[in-house]
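In the part that follows, the structures are each spelled out as structure tokens.
You will see chain A twice below: alongside chain B first, and alongside chain C after that.
On to the complex of A and B.
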């Protein structure tokens, strides 16, 4: 992994593939519940000591279940919320200290596609206006002819009929709405696109279409993706590198989708996938219990209460992510646990 | 005779016919998967089994639903009321549609045993605790006294299933019971339901959009497309050799281990809306194998091996 920021922003051009475009350095993010007459204020650490590079031109996957902090991570990545501690930087610039105008400039280069295409598009706008909304936000004025041409080009790029530009989004199916969401995210030609569960609310046949579209667009436009999902099978198909999160912490970073799994939680996620093969039925064993509340984190390893390998050390001392090429935060990683397990 | 025999089931809502000529049968101890994308008619079929179509002004226009020798189609609401909860139970996607937020989950399970089993308070509670343990709810005695908002989504769904089992039903209808839950919890609950069905000799109709769930849980599967059966048969043969192009495409939508980049394609286009069902094969507009005949007439189901397939050009049938 390369050290140090390589570029300083908008004018120096495109960083080369593999260089980190987005960095998280020891980032914490807390949320506080409002206290009241009967409730005391409680602090929830949604993201806990996350250090992570997102290399340019690659697909970095973040996988985990509810409460793992993946959506908070997405919002931190775009500077939509600020870290409680630590630093999030995009192309070398700290998003927390950037001035508002500068942040807006930077945001043109990093965009987000949301899970729910139904609520992320204003139903009163025409599809053409929705796709061109980022230009309005950035204060970029387009002439009538340029507007029409741009809207049509963007819709064509995501496989929609350009003549839809004059229609309203309620005519669209879920898959078509998500294509509009992608077209809008790409309108300003960003470098980084954060994909927050972009296919979770779609039918499987449409999910596969959207993933195929994202793959094609990435190759064509040299994009960097941060792909957030609960679906490890999908992430292993789509991503170059996979960050596994559990209750706010990174527990493992798979350097490649085929890398042998080291963390028991990643193993449980994989064993829980519904493999479309009736000759390979899973048994009711591996993943036990449910995710505890993020308010009452255990002192040791956050996964210990559910982990089949947990011992006294795990319950007392929180494991840190090691500094290897395949980092894992575990006292008993699977590759060291011996042949038996 | 099978516990449940559905034949030629056709459901109408106003001037539309969202479900046409669906048939299947189900024995005790077996799990049948009804699989399809949104708009395939799988949830309407579930509502027909539960006698709930009148709620959405729907009706069974043709065909029959015979449950344990009794015809259910278009019978008085009173008959369905007697069966629901006691002999046929429903588990829905969102557990909060089945739970009362202001009463403890335990009293809600107890109530089912008291209502349908005639148990007194103490016996009902003991039975609830047994069922909660069968659903692998830890510290069942404590959870019994908790309110729904104190429980995770997975725990709530376990409670709902325990409630469904409390009436000691013969048939369980589960409509996407794990879709809203976390991945690791989904796997546990699906497995648990299947094991309970086998152990207690229940029959389960499992409605899902996920061929992975079908492969992991079901004995037989009915693949629906736009309100009609595309293919039906035993799970092993459907996955080993799907005959309908839609079945094959649906299985192919799930990425498998080691699958190469760029090979996940999906199915082009989308499921037609109720208002524009084609008169010919409904899958033809999305089908890679569609011919002029497919765009002219609708295929009738035919037997291929162990499966029933509605396709003019079924796959894997010689050259």
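On to the complex of A and C.
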């Protein structure tokens, strides 16, 4: 790939590998249900006091159950929604206060691949128009021949036949559409790509192909990924660093996929994964009980109602993420549980 | 399905086919009324007043001896022309208001929809009568009256479509690319919202023909000697028993055209599979 046209003037301060490209600083995001004549307005805290760095050139995974706020985190990362409190910054610039024109420039450098490939392409657009739309939006004029060449290059990059350019999305399979989604996201040669469960709505065999494509593209284009998923096994395979979220809060950050698990919730999440080998299956069902309503969070640890290790302290005082190399928000982390009580 | 192919496939259904033939005929008559009409629409011949249908006058003559067939052909031009242009303007305005209201939301939505709902609350004929009372009778005022009278339904329909489409992932994806409001609205939302609004517009054209005829019947629309179907019917009332063809044939022209529009529109809705999208209005 050649240098992207939009990288001009923005190349200053490009972080090298390991330096945070994206920062969340004490970010909260609330959603308010509309009040009516008889219904009180209710506030749901989707993302709760998240502080997180996404290092450049790495793959940071975010895992958690549905409704844990991971998709909200993805949208906050790209400035698609604004934080209620706190600051989200990309390459040092606050996304919430960036001016419209500046935000457009920044968006050329941070892109998203969406969960549902079926609805992420306008049904009235041809595939060629869809992959070239990023240039139209960014005001980059391409002439007829350059358009065709660019569309062909982008489709080729994600392993699609360039002849698909004339087709409409409904002629494509889910896997092909997700490749189109990836081509659109990479068209402007971004630095950061947020992958919001890019394989969740695909067949298992197709999932593996998409993950392989994402790995190959990352190596080739020097990308930083923020990979959102509910599949801890996939995240452990794909990511360098794993953020575990529960009810909007970060409960553990695994510095490497192989790091020993410290939070009981991460343990439960891993145990609940399906193990194909029956001799290795465990019959543990650790995550029992109710998930507290995000409208009405308990005062103590949000995981306490389901946690086998929870005691009175857990129910009263909310644990904070510690500042170690392997941060965990737990009063009884697993590596200390045996020695402690 | 694209609207072009849907137009054709609707014309091949058992309900749509005869309707399509009638509509093509009426449009053809409206366009080529000058060439097809055997007489000028305003040529009087008092000696031949109120003649029944015959070989010389296919549909007979009216009280001034004018050829009814010629007048009905010219009437098609006026009735259809007024209905189509005013519904066209109505659809365009409704799309603009509905799209802005649905996209902007908040106070802009409430303000625009309050105005739209105000016109929605009264029957079209009442709005039309009030407007014509202000503007004075004539074809122009009729067109304005129809445009305003029907706009509310298109605005509401467009707004509902835009609100539903706004939540689609491809809109968020396009915002993520850095797109501004104009791009989102004009490239994605309006094109995707267009089909149901156009079909609703087509169905409303039938109603508009009836409204134009009603206003013409009251003498508020086309002024003599211009032949509009409604005005022709009102002229026939006096001779209803002496020369019933004077009122019956324009009435039949209205009925056949409106029924054809409704049947064809219905077939089109099925061909496009948008029946559920038309409900909000």
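In this text, the second predicted complex is superposed on the first by the 323 of 341 C-alpha atoms of A that agree within 3 Å, B and C clash if a C-alpha of one lies under 4 Å from a C-alpha of the other, contacts with A are read in each partner's own complex, and residues count from 1 in each chain.
Keep in mind that, in the parts below, a contact is a pair of C-beta atoms (placed from the backbone, for glycine too) under 8 Å apart; a residue touches a chain by one contact, two chains touch by 3 or more.
Everything quoted here is computed from the prediction, not taken from an experiment.
In the three-chain model built by superposing on chain A, chain B and chain C fit together without any clash. With both complexes superposed, B is the one of chain B and chain C in contact with more chain A residues. By the touch criterion defined above, A:78 lies against chain C but remains apart from chain B after alignment on the C-alpha atoms of chain A.
By the document's definition of touching, of the two partners only chain B reaches A:215; chain C does not.
Of the two partner chains placed by the overlay, neither chain B nor chain C lies in contact with A:51.
Contact with neither chain B nor chain C is seen for A:28 once the two complexes are overlaid on the shared chain.
By the touch criterion defined above, A:204 reaches chain B but does not reach chain C. Within the superposed three-chain model, A:138 lies in touch with chain C and out of touch with chain B [touch as defined at top]. The three-chain arrangement built by superposing both structures on chain A places chain B and chain C 80° apart around the Cα centre of chain A, to the nearest 10.
When the two structures are aligned on the shared chain, A:122 is found in touch with chain C, with no touch to chain B. Closest C-alpha contact of chain B with chain C, superposed model: 19 Å. If you check the complex, the residues on chain C that touch chain A are 168-170, 172-180, 183, 187-188, 191-192. Residues of chain B touching chain A in their complex: 37-38, 138, 152-155, 182-188, 190-192, 195, 209-216, 235-236, 239, 249-259, 261-262, 264-268, 270-271. By the touch criterion stated above, chain A contacts chain C in their complex at residues 75, 78, 80, 100, 103-105, 107-108, 111-112, 114-116, 119-124, 133-134, 136-138, 181, 184, 188.
Within the complex formed with chain B, the residues of chain A that make contact are 65-66, 173, 175-176, 203-212, 215, 230-234, 236-238, 258, 268-269, 271-279, 281-284, 287-291.
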